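One chain, chain A, links the two complexes that follow: it is found with chain B in the first and with chain C in the second.
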Partner chain A sequence: MQKSLNIDPDKCTGCRQCEMACSFEKEGVFNPSRSRIQVFEFHHEGRFVPYTCTQCSEAWCMKACPVDAIRTDGGLGAKLVNDDLCVGCKVCTIACPFGTINYVPDTGKVAKCDLCDGAPKCVEACPTDAITFIDAAATGMDRMRKWAATNNPASAQNA
Partner chain B sequence: MTWSRKILRVNLTTGVIAPEPLKMDWAQKYLGQRGLASRYLCEEVDPQVDALSPENKLIMANGPLTGTMAATGGRYAVVTKSPLTGAIACSNSGGFIGAELRNAGWDMVIFEGRSDKPVYLHIEDDKAELLDAADLWGTSVWATDEAIRQRHQDPRLRIAAVGRSAEQGCLYSAIVNDLHRAAGRSGVGTVMASKNLKAVAVRGSLGVSGLKDPQRFMKEVAIQKQVLAENAVTGQGLPTYGTQVLMNVINEMGAMPTRNASQVQFESAHSISGEAMHEPRESDGKPNLTRNAGCFGCTIACGRISTVDQTHFSIKNKPEYWGNTGGLEYEAAWSMGSDTAIDDLDAVTYANAICNEDGIDPISFGATLAAAMEMFEAGDLTLEDTGGIELRFGSAEALVKTVELTARGVGFGKELGLGSRRLCEKYGRPELSMTVKSQEFPAYDPRGIQGMGLTYATSNRGACHLRSYTVSSEVLGVPEKTDPLVTDGKPELVMAFQDATAAVDSSGLCVFTTFAWTLDNIAPQIDAACEGDWSVERLVETGERIWNMERRFNLAAGLTAVDDTLPKRLLTEPAQTGPAKGMVARLGDMLPQYYEIRGWSEDGVPTDETCSRLGLS
Partner chain C sequence: MHHVIIGAGAAAVSAAETLRQHSKTDKITMISAEGANPYSRMAIPYLLTNKIDEAGTHLRQRPNYYDSLNIEVIKDVAVSLDCANQSVMLENGGALSYDRCLLATGSVPLKPKIEGINNSRVHNCWTLEDARSVAQYAQADMPVVLMGAGFIGSIILEALALRGVELTVVEHQDRMVPRMMGEKAGGLLKGWCEYKGVRILTSTDIVRVEQRSETRLNIHLSTGDVLDAGLLIAAAGVKPNTAFLQGDQIVVDHGVLVDEFMLTSYENVFAAGDVAQALDFSSGKREVQAIQPTAVEHGHIAAMNMLRASSVRHRGSLVMNVLDTLGLLSCSIGIWQGVEGGDMVERFDPDRYRYLCLQFDGEKLVGATVVGHRDHQGALRGLIEGRYLLGAFKEVLMKDPNKIMEAYLAVAQTDATLVR
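Right, the complex of A and B next:
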């Protein structure tokens, strides 16, 4: 079963534990600005939104890469950057419509979420389950259940 | 490590900014943040200086765990001499700026002197510069935040600023960071403004690394996060209701100072409680509370994000206040609600927003307003004095008007900005000031929670709940239940809380973790991160050392044992209702014993033996 990160902004408190877990795992440092997942704050709306790569099937970054440095991890579906091949041309950063692959000046390469080999650290760190790692084919299940419940008040109590 | 080992020294008189190494021998004795910054202050500032003179210094300091993944590891402290109390001040704040400063590579920033024109400090990693703030002077914290953000075009900038109240000399002005968090107490913002320093804007991209044992640290962090999650207070009560979880609890135990502490229960407490914040309002069907929010690294998330009802008189014609804003915490709801007998949740939420917008301490403001209301009702203050405002208990209109005036430092707001001790003296009713060492006491009446009486009387920064929050033990039973109405054992309890809290306040962690954690949970995290063996015993001793150092600063500043007291009202007027009915605060039963176990003389002076045991020269 392929899994996906599933993000529920309604549950996010904006604490940045995910950013620290990510930067520590990938860079060995607690440094939110080096995290592959980023939490955005919309304070007038009272809303926090974590955002990271969704691992597109036909990934813009992968298609745009002129040196084939980005490939798909078969089982995970994650798009992985091969640092040995990446020339730091940044074309992928332009191609990605979501901005989730970024250039790292220190290394001269690009970096993105790679799903931590199937055990994403952001998920482990999140205290409110705003970020979960679930069946990629069923990321809408919670919302489906919620809407289904509105159709039948009786079943809402059993949901 | 894990200190960054770097201090930024900013001389505002000369404009010289220079890095210097952190004194690591002091870090080993005082840990960081509150303890370490106080050590620097004691070394560099004459306790007798005028707090608002260029000779005073203002220190912003992180703890060694600030910016790490330790749950709540985002705290920073502001240490200076207080203009309100004349004592040492240490106000601590969450939000994000502390961690950002740490990410920029700094343990501490020391401001000295006074700039001849308004400036703000801009830090980008190891680069720091003072920039012109002429256009920001005379504007609010929020306007300043927005203007600096516009200027630098950096969405990740973290900003702390002072508002118009501080510029106008309000003695309890706060330094507000991230719009809604504050180093709130003792007028640290007033000191900042006296130096012509409007704001500090920080961007850090270096991160925190070099922990002593990173793998052990990560393991400890995960274990201790779980402890917070499974605890009823930190896992459920605080995320759901914030600190407002206490409003109904404290009121029911008859420990809610009401109408300037002339009563101990507020008949309308429910209307301004955490529970009320969840109730849908009539106008739009939405509750006051939008959601909870966490500071940097915090897995408790007690922070409130709220809206004021758009149809409420305070904001009906002010669309700029229609969005979400920092919501009510217990202390603010008490001071601007119960203590002033105002039961209007929207008015109190609005007043809280104004406190954030221009940086005033809602505890001191609300308590000062309550004293003014009592004087107005007694005829000591007249309409002429107040500029035509009917300062009556229960008047939401009076609250809304006076908070605006005080926040902006105009009209009668200037008078309220004096704080209750000076205001009550000025109008001939000094006994109506509910203060210790000129600082207003917070939301727990010592007649109903006896340990808090000793807490207020002996707090090194003037009346304060956060120096030894014995409410934990006396009300919530953490770490063990004690009877709030007895004084036996309270000196020991207060001392243990004071010392442990001083250590927590020096670590970079939030004291709210201690609803679930003891030093047994905290020491392993510090030890895994920091050089040196950090045991529970060592942390307790570090806390005791810090406490005595602060005490000695205050004694040298001219405070004496005479100042370790409570307002006469608490000592002589018994509670009229509730479980504490008939009781007064029995400070006299506790204070001599407290001095003795502290190793102080009968005059409250640390003995040579005590100082030498703690390594205080």
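Right, the complex of A and C next:
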């Protein structure tokens, strides 16, 4: 079974270790704003919500890309941006209805979560197990993926 | 079953892939007027700035891709369609008969009616061939005039500026990208371009093109001014490419009219992409959108219905544009102008070239304009297309429109976030 990130906001304390680990792994800097997983804060409820790409199978970003720069990693099912092909047109950033692929002005390309080759650094960094990497079924992410599959007008089987 | 796709752009390739994904045996033929390697017009600006070479514009970049899917791409031009006999006439002689036909011929640039416009130093920037000509003339320090600062014009603007030409942009309307954003946002773009050294003349027309010397043109303006130019690029709009559809078998309004199954007025003939006038998500009317994501959606939905009649309904495509103007990012989605009786919230920070505007219809977000912000813009699409009721988060957004992602997570991703 494919593995998926599972996020349990109930366990998140908002320490942002995941953002630090991600930005360091991917960009070589400790800078939460460069992280591909982001923690959102809901003041009223005192709740923190880590959030990133679901790796949806009929990926909206992948379908919209004009130059074949986003492809599926066979084993993991992760959607990877090929920096050599990406022209930085940003169409994928508005095509993705989850808002989880973003443009990086420094590189002139887009960046998204790629599951770190199967060993996600955010998971390793999280001290409370709010982010885990587990079998895909029945995770919140899996529900997002199902929604993505049935709602994508560029690939849904039944609209 | 034989599927003949006329065209080889975004809509055509999306359709061909969908056909193959769902049928291993049907015959699929793509007719490509511009060569054997289907490419993306959208990639042309990046070719002009040498970010990629011509191969980098190809819609699919895996070796033998179409062969491996048993999709035949033939280089030819469709000159007419005989719906009664279900066949497509080709320029190189011969005809192709079809069981299902898809019109995916895109759009063609409008030719402005201006005295002297037929000149070897006047070009469009729409095809690879155009791009080659533009690259030849648009050398560093060359004075270049760009006619039109709409969405496509503004994309070309950036490519030209990055090539180091001495650029002047002439726009008929009173602001840049007039059909993509309002005065404040469009004004920011203009101010930014001027700050970056590009001259932008709005509310101005080109009235005459005159050959001044072998290598130079005089561009006469409605203001009486005359511009020196070694190249004039016309980006004054496009129209659906329907010229090959003679007769009245296929009903054409602005573009080829299609129903919610992407079917034209004639049986077994479908249309997709720039050439199609299809359902718009926001207005519920049939409109020509002429953008890449819409072409991909159309192609997919048309293919599903070519395989099985009336199987997948098009719920309407959402208009969305994202633009990078010399480092200033902007985007507009849906009904950015707002709806009658709706609410709007706006943040305008001209000193920092920032603008944010959200448009609501009751409790739903229906449109947005964003300048100078870059993250999570996709969530705007998510919120609009999901037609989510914002509830208490409408107030949150009215107070602070920057809280888009929080609103999105709270109303659209309750499963993932557990926020109620």
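The rule is short, and it goes like this: the second predicted complex is superposed on the first by the 138 of 159 C-alpha atoms of A that agree within 3 Å, B and C clash if a C-alpha of one lies under 4 Å from a C-alpha of the other, contacts with A are read in each partner's own complex, and residues count from 1 in each chain.
One rule holds for everything that comes next: a residue touches a chain if its C-beta (ideal position, glycine included) is under 8 Å from a C-beta of that chain, and two chains touch if they have at least 3 such contacts.
Quick caveat, the model's predicted, so the values are computed rather than measured.
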Chain C versus chain B, contacts on chain A by residue: C
Which superposed partner A:E45 touches (first chain B, second chain C, both, neither): both
First (chain B), second (chain C), both or neither touched by A:I7: second
Which of chain B and chain C A:I94 touches, first, second, both or neither: second
Partner chain in contact with A:G74 - chain B first, chain C second, else both or neither: neither
First (chain B), second (chain C), both or neither touched by A:G28: first
Residues of chain A that lie at the interface with chain B and also at the interface with chain C: 10, 45, 47
Touching residues (chain side chain B, partner chain A) in the complex: 67-69, 71, 96, 99, 103, 156, 179, 204-209, 214, 218, 222, 225, 229, 239, 290-299, 301, 303, 305-307, 323-324
Chain A contact footprint on chain C (complex, rising order): 10, 14, 18, 40, 42-43, 46, 51-52, 56-62, 292-293, 296-297, 300-301, 304, 311-315, 317, 320-322, 324, 327, 329, 331, 333, 374-382, 385-386, 405-406, 408-410, 413, 415-420
Complex contacts: residues of chain A adjacent to chain C: 7, 9-10, 38, 40-42, 45, 47, 49, 51, 63-64, 66-68, 85, 87-91, 93-103, 105, 108, 140-141, 143-144, 151, 153-159
Chain B contact footprint on chain A (complex, rising order): 10, 13-17, 20-21, 23-24, 27-34, 43-48, 124-125, 127-128
